[in-house]
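Each of the two complexes below includes chain A, the first together with chain B, the second together with chain C.
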Partner chain A sequence: MKSTSLPAALLALSSGLVLLCAAVALWRRTAKGIVGALRVQGFALAVTALILGVQLHIALLLVTAGLLVLVKAILIPVLLRRIVRLDPTGGETDPVVNVPASLVAAVLLTLVAFVATRPLVDVVPGVPITLAPFGFATVLIGFFVLVARRKAVSQMVGLLLVDNGIGLVALLLTTGVPLLVELGGTLDVLLVVVVLRVLATRMHAELGDLDLGALQELHD
Partner chain B sequence: MATLSPWVVGSGLLQVALFVVGAPLLLGLMRTVRCRMEGRIGPPIRQPWRDLRKLFAKGRTQPERSTFFFASAPVVLVATTVVVVWLAPLLSTRVSLAGGSDLFAIVFLLLLGSVALSLAALDTGTAFGGMGSSRLMTIVALAEPALLVAILALAASVRSSSLSTIIVGTLHHPIWLATPQRLLSFAAFVVVVLAESGRLPVDNPATHLELTMIHEALILEYSGPDLALVMLGEQVRLTFMLGLLANLFFPWGVSLSAAGLSLIVGVLALAAKVAVLGIAISAGEVAMAKLRLFRVPELLAGAFMLSILAVLSALVIA
Partner chain C sequence: MWAVVIIGLPLLAALLSAVVGWRRWMPWIGVGADASVLMVGFVVALRDVHHAPISWAAGTLRLDSLSAFMVIVIGTVSVLAAWGSVRFLDHDVRSGGSTTRHALQYSVLIQLFVATMLLAVCAANIGILWVAIEATTITTTFLVGHRRTRNALEASWKYIVICSVGIALAFLGTVVLYLAAEHAGGTSLHALDWTWLTAHAHALDPSIVRMAFGLLVLGYGAKVGLVPLHSWLPDAHSQAPAPVSALMSGVLLSVALYAILRFKVIAVASVGGAYPRAVLVAMALASLVLASLLLVTQHDLKRALAYSSTEHMGLMALAAAAGGPLALTGLLLHMLGHGLAKSVLFLSAGELVISDGTTSISDAGGLMSRQPSLGGVVGLGLAALLGFPPFSLFISEVTMVRGEVAAHLAWAAIISLVALAIAFAALATHGRRLLFDAKVPGGASARTPVSVMAPLVTGLALCGFIGLSAWPLGPILRAAARVVTS
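The block that comes next holds the complex of A and B.
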């Protein structure tokens, strides 16, 4: 920490923000709050790409940043907001794991991520790589959301947290994957959200609810 | 820090005087801001001082069969708070007691005041006292670790648990203010300040509704000068927490030498920072509802998580 420059500090700040948003998504109960955390996370991810691009003079990363803002900070949250509107009282009224316990779990998962990525960080010393644990922790918290939350919106958010975490690790480790791969990955996620939105709308029409716990029996 | 210059002693005393005089004014300012934002005129800013003066002029009463704990709690609360204010690096980073601005000492002294108050509430033997003290202990048991760990995250950068060293280190490396651990620890710190000082999402200072009150339930049996002392102690405590928040996260203006002109700058900067934070808190409170009591542990568990994440990031990035 003794000799950090401003870009390095900002890079750490924006990747830290990605992790913070994952934690906030676990913390909040209202569907609106969870989607809000995801939106901020999308912005933080884009800012990370932007800072890396400016710092290392890679024009491609600036395009990636624009793509990330468009898809992860604008399109996906808007789509999720529409699902939230179907079920305005929604949100995690009855999570499988209660909130304080999930927060403790999130801390433990972060610890695991930080310990597990230690060897990776030690291989190539450099500022971006040191921040990779934030991405891994986000991935693990995303998986935890998938396991411990039962509303359709939270499930999607869990998936997107995993995706954002992977995106952050990819950005920091490779300083930008080829644009084609980035485009493929991002649009893929967008497509998944669209499909899930259709599914959620159907579910709401059939059951009047977005609780996955209600999907226990097979019907014709 | 071996030799105590008169300036250092003076700045410590000035700190105490400033906080005792300024704390009721800060509360008045916060109330006025809230009233104005709600479209009311509200009492003048010096109203809390008038209340204190009125209470000090009254006689003491004490519940039957209450003991030493009830009588001593207001004094203990004010005494610990004054000692904390005297020891902490608020105007200047040079404090009167070598190693005295240690974060553990400060946090535990603050805790001592809370414990004294809740013992006193139990001592009165009323239902409300017991309820209030059990609620306060629930909150404090969750908030204090979060506060300790949040400051530990800052201490990790300077490798010292002295608050003065943390502030000096931050002044020398302003870049530290833009690190994730600062961000996380700041968020945790704000939640803890709100919980510790009984402000809105955790406790509503303006109500006596028995279902929700925490602080008011504790001090229900106090009257006259005792009540005045408790109120003063809590006001100084809120001001102290805001001052500490301001100095740890926005350390500009703190005097490094505790001498002459820099001390005046320190006073002005601190007053401005604390006033801004107070206004921000009361403006936030206008748009906020009190949290259900059973949701408070969730909020504080969140603060604890943020502070632990702050420590982890400090270790990763260092």
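The block that comes next holds the complex of A and C.
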């Protein structure tokens, strides 16, 4: 990039915000704060789609942006709110990895994402693709949350971070997959959240809390 | 049109169940729908040997020889599972294990599950395929948790989280492959079409395809139950109701493997054979060795059967790595044979839950003297799974090994045979203890009703028949293998 145009700068800002929200989700201790971070991340994703759509004159991306706002910034946070009510602290009482160490890990994972996606950026240069590592880093932080956190809420957040990261990669790499696939994928994520919500409610009724550490009977 | 009929039949059965509400005869609707799917699958497969593939729904659905064969596999196993569900639900409702509302939920979900698997194999497009396989996870999660116990809850949570992670990786792989296709001149849905991708594979950028294939195999490998994302499988298979375990182990794993078979053709044409083969051999051998070692330490019949599934999937993944016509014909026959033997065994384990209240091998010992007909079926089912002739698993395992040797993978075939020997010894020991140990005090002695025996004996008979006769599957198998030969 020799000179940075305004749309390119905005694009960098919105996709950077997606990654920043992942770090915030890692740092906040209350379930409410974490869900808030996810909501902002959903908006950032939609704004990214909007900027790309306007810049490249792709009308379908505007539809995608609307879909993203509806599902990721409105519906999913509403669905999560109920679980937040069941488990208001939501924070890890005894996290496997504590918060400062988690943030260091997030920084390292971001570096890994930039190194690992080099071949991709080299093969197909262009402004959106140079931003794709933001998405890959979000995916890796999501995996980290899944491995290192044991509360039901944290695991759902981990899954959603992975999903949002992939959504960002898809937008930046290919300016959006075909709408039919986008619709199917978004609907699937929504259904997974609904299913997990039902399971979490049953878990709360059965165990009295939402700590997966208490569910350790099946293993070899 | 056929593809729509095939997917529509179980959907219709689900809809009918949902509208009518719970009735005792309701599970029979599912049996009828699945049997019709099987018949349509056969008709399409037999005419497809001579005809071009059939497309429908603006090219998003297509039936070629391989899809038609997969419809036959799904149809066969789902008929057995639906048949077993009749007994399962009848007992479950009568004993108060589930309310009529739960039974209704089960009837609807199990047919939706079959429909999503059929959609996955009829999809002409890797995007639709992804949506369908993700949908199988959603429909099965509540089926795994049907019993609503603490363990069932843990198993379903683990299942949906691990499989969603896997499927997310597969989506990333799909997106990366789409990027390669866009740069090779593909547009929109067209660029996600199997035939377009296969025809233009040489034009795809190899370094991007390499990344995509790795993500796709890792992601769909989670649904196949391959290492490293396999840990959901023993929990889900042991906690789910028996007919659901039969469907998951018998066909769901194979449907995910089907996706990998198709992607391998594209990867080989783009980056050459060495890389896809190395990825598949590594995952196949790791799964085989891990599963056979863990099989030794099992105390529960259903968990042992689950690890045996990972082992058999490892065998098939190795044949997929070899990739010649011989190895692939063996692989496809093994899919069907394994599906039949596993469903018979899982359904028998379900009967054991009903009669003895447990599937623990030591608590249900002496089955042969207590319930001779059920014991006989379990014995024959284990013999089929261990690869004794006349059952088809014998001939398919021999064919796969011959195919691997022909593809210069003799060293890997030898490792797989060692793992197979360990698994053989472990399963044979578990089987001997279950069937011939001294009678457990308090163990139920009973005559197993004919209605319960019917699906079990049918499954065994089919598994024996396809092991002995090349008719009618021979030409169908060869045509199906040709589609993914690379």
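By our rule, the second predicted complex is superposed on the first by the 215 of 220 C-alpha atoms of A that agree within 3 Å, B and C clash if a C-alpha of one lies under 4 Å from a C-alpha of the other, contacts with A are read in each partner's own complex, and residues count from 1 in each chain.
Methods note: a residue touches a chain if its C-beta (ideal position, glycine included) is under 8 Å from a C-beta of that chain, and two chains touch if they have at least 3 such contacts.
All figures in this text were calculated on a predicted structure; none of them were measured in a lab.
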| item | value |
| --- | --- |
| Fit or clash between chain C and chain B when superposed on chain A | fit |
| Which superposed partner A:103 touches (first chain B, second chain C, both, neither) | first |
| Between chain B and chain C, more extensive residue contact with chain A | C |
| First, second, both or neither for A:196, with chain B first and chain C second | second |
| Contacts of A:23 with chain B and chain C, given as first, second, both or neither | first |
| Lowest C-alpha to C-alpha distance for chain C against chain B (Å) | 20 |
| Where chain A meets both chain C and chain B, residue numbers | none |
| Footprint of chain B on chain A - complex, ascending | 1-2, 4-6, 9-10, 12-13, 15-17, 19-20, 23, 27, 99-100, 103-104, 106-107, 110-111, 114, 121, 130-131, 133-134 |
| Of chain A, residues touching chain C in the complex | 119-120, 123-124, 139, 143, 146, 152, 155, 159, 162-163, 166, 169-170, 173-174, 177-178, 180-181, 184-185, 188, 191-192, 195-196, 198-199, 202-203, 206-207, 212, 215-218, 220 |
| In the complex with chain A, residue positions of chain B that touch it | 157, 173, 175-176, 178-181, 183-184, 187, 297-298, 301-302, 304-306, 308-309, 312-313, 315-318 |
| For the chain C and chain A complex, residues of the former touching the latter | 60, 127-128, 130-131, 134-135, 137-138, 141-142, 145, 148, 150-151, 153-158, 160-161, 164-165, 168, 171-172, 174-176, 178-179, 182-183, 188-189, 192, 205, 207-208, 211, 234-235, 238-239, 294, 297-298, 303 |
